[in-house]
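Comments concern the structure below.
All chains are identified by letter, namely A, B, C, D, E and F, in their written order; residue positions are counted from 1 within each chain.
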């Protein structure tokens, strides 16, 4: 049995119906658990004080903001190559989640920046590329909304996603070249010696896992909604045909 | 020259016609009939390759097709000659003089297309077909706005085209006096798709 | 309702028709005939007040005229209803329901005008006339793209309008089955103006 | 409640705004899902009964 | 060819882009203040921004007119690859909008106290960069042709795509004006332009085919 | 009233102005460079310029649509003074374009490192100044209604008329941001706005009557 069987809408609905409830539960426990752990039971950082607690929201959100776009890119490719409707609809379903993640990363970052850097906003490369990513999300969603015919919309948005990804990477290099940053580099890399202290790291892992799962659950659920919406459109069009 | 088998066409994701089939040899004309909104334009656009068929197949050389739509597709600020020359160059033709005279456009040669009357514009847009040099003409209501004399001009252009081994498919609501096969599209109206709660037609 | 005396009209500074005269009472229809480019559109535009006459006069209430041109004049992105409502509001009408049903547009009500077929668009643009509530209809080739059933719809709309005391002037190349007076414009074609080197007609 | 020191406003507003956004997204997703589900059921019912 | 002739004849696009460029640059000293040091600092950036806005504004005529009068359908069935047609359209857009901006930039630079070393670089960077703006814009226009409120949507879609070109282009001009090394951004700018010209017409054509069907 | 409703329903103008404002302000750092001191210096000017351009771009829908569909003729023969009609049109333009800009300006100020003292003054100066932009724009629109390529011509005509408003408005914002005294330019700005609102509708109506003949 191949994974493509889940590209069948009915099969997809049936499967998600079964697996979603436990997933909701696990993602909720992980997020809430991680955040409570991080908020209540971790010490303050000696330099950043209590603001370090923002990391439990900021980093997972930033992670998912990028990965959501990446997932949309993969789904778009699948639609372009194999034309599975579910994958186009999954890309559509993921975009608003991605926007919210981007917004959370931007907002928590801006709030964090005020005490740390003394400014809400700086044209740091990482911040800037997130702003650009936000604009890409807006354009992508607006294009979906503007087109009536769902297949046309899927085709156009997927090509926009492909082209947009290339330009997003280009922008990333451009802003890197353009300005050196204030923002810290990755501190959770495997090969580096000085990772963040474990007290901060474990709740952070929990939150990251929670955000990933939460994203997954939301996207699966929303894809189901989009599938139903399409079926409804098809039925209504059919009804109109019988009227005419 | 062109053969159509079991063709289904759709517009805006709604099936419009189904199981259309015909076969057209060189020298033949096919006239599509049917009430407004039955799907003549949609069928012609599909034949011209502007949209993919829902099902079925179209056998024939796409590269031999010239399409004339409802809209005239003229650049109003260019002159009659310039409009024709543009399309002549696009299709690699060398000469527009015979076309100008065939559609009685010689006197209007240097006028900007925007200053032509509706029927004169239509003549110009039909003249465009002849400069393409293509053998299958696909015409969507070609005689709109034409007076009786111009309809005659057009009919004789079509007859000449057919006798030179061309073919034509056209949709029209009025009688043109071209003897071609009639195809009434009303019987091919797409029926409701079978209600399919199983996998295939779920969306 | 409208009277025209010794009217001369011009297009692009070139005189097109001259010495046209007629008088139309309530309940009457006038059908303009003539080959392409003779000046039907130009005459109708002048009557509608869109361009000034070259000479002569038009006696009648401008405010009672509704004009439908070659082009449909629809906003393609608005729905059928929205298109009609817009004009209804502009002309102060209250209700579009009877118009929708008179032109068989009820089923298409919510569709964007851009997704209609050519004939359906034409029906919509004719429906626009009825919501204006004006008494003199000026129609330029109203039945273009319409199938026979829709032409019937249109003809009966005109007849109803006439019997309600309206009037209509229309240009067309085909026979509509409306009995109105025919006016062939060919005899009114503008002759070359006498070359006049005295002051009067110098420019 | 842990002592957040002088950064209390900062941390709390970050958590508050994020929670608002996440909850908003969740609520909208669920509400729209339920609505579409109900509408589809109604349409499906109607279509089945009309043939 | 016809596009070129048309663009010149219709004229609108031609003049509009240039006029807008002029307006932006002339208004800048009024809004930012007449301090010539400040003006000199921002001059290269302002010129690039003005050029970008002028391009963006003239985009919606790129395909919309052809779509409305039906000639886009005819072009799609013509024996030319749609990619080629769109490339030519982008070229026509560049010749009527981009090129005049390139030529006007040094003149307007005077108004903004552009440092003497900057003229060469602003001209060069615009010359290299504006073709990318036209090609990318053509993609945006193809995406939104025939849509309700297409103009607004197109601006929104095209803007993030313009970011890398703008950054590198303005960087070249700025560094050039300050006498710094410009090789890297110049190479990147050239790379973006060449890449866009080579690849984007395929995306535009694919998108346009979808929109026409 | 009807204009307001139509403007909101058609929506285009509303979104377009705001989107354009956003585009201009976001693109400025990309073109001028990320140096926050420079950005802070030019922030008030950029915000004013962006607002002005956004106004300018949304002007050509102010009367053109009504002209095309003939409702301008009807309005001119309606039992309302044309001056009143035009004032209402300008008001509708301000509510759909100017007011959103005023509200968005502080948010976008953050992106440009606007100094803390500047937020109040940029908002205030825009609030006072944008009505003048709408009224003056309405005059420009009335002058060019029905002309071929009216949009281009209008931009050119309106631009010099906008200069005093822009100078005083940006001056208020700039001085405010630097903590200097703002009374004089603020008074002048208010004077220009009041004067325009009181007098220009008469000029617009006169011009429009000529154009409708």
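The rule is simple: a contact is a pair of C-beta atoms (placed from the backbone, for glycine too) under 8 Å apart; a residue touches a chain by one contact, two chains touch by 3 or more.
All of these numbers come straight from a predicted model, not from anything done at the bench.
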Fill in the blank from the handout: Centre-most chain by CA centroid is E
Practice task
Determine, using the mean of C-alpha atoms as each chain's centre, which chain is farthest from subunit F.
Solution key: B
Fill in the blank from the handout: Per the C-alpha centroid definition, the whole-Å distance linking subunit D and subunit F comes out as 38
Fill in the blank from the handout: Rounded to the nearest Å, the gap separating the Cα centres of subunit A and subunit B is 48
Practice task
Calculate how many whole Å lie between the centre of subunit A and the centre of subunit C, each centre taken as the average of the chain's C-alpha atoms.
Solution key: 57
Problem - Between subunit F and subunit E, distance of the C-alpha-averaged centres to the nearest whole Å - result: 25
Handout entry: Overlap residues in subunit B, where contacts from two or more other chains coincide
Key = 12, 70, 195
Handout entry: Junction residues of subunit A - those touching two or more other chains
Key = 135, 148, 178, 231, 238, 240, 242
Handout entry: For subunit D, residues contacting two or more additional chains
Key = 47
Handout entry: subunit A-touching residues of subunit B, taken from the complex the two chains share
Key = 12-15, 190, 192-193, 195, 198-199, 201-203
Fill in the blank from the handout: Per the touch rule, the subunit A residues reaching subunit B in their complex are 8-11, 85, 148-151, 227, 230-231, 234, 237-238, 240-242
Handout entry: Partner subunit E, residues of subunit F touching it in the complex
Key = 11-12, 15-16, 19-20, 23-24, 26-28, 30-33, 38, 41-42, 44-46, 48-49, 52-53, 56-57, 149, 151-152, 155-156, 159, 162-163, 166-167, 170-171, 174
Handout entry: Complex interface listing, subunit B residues touching subunit C
Key = 11-12, 34-37, 41, 70, 115-120, 123, 140-141, 144-150, 173-174
Handout entry: Interface residues, subunit E side, partner subunit A - complex
Key = 139, 143-144, 147-149, 153, 156-157, 159-161, 163-164, 167-168, 171, 184-185, 188, 192, 200, 203, 206-207, 210-211, 213
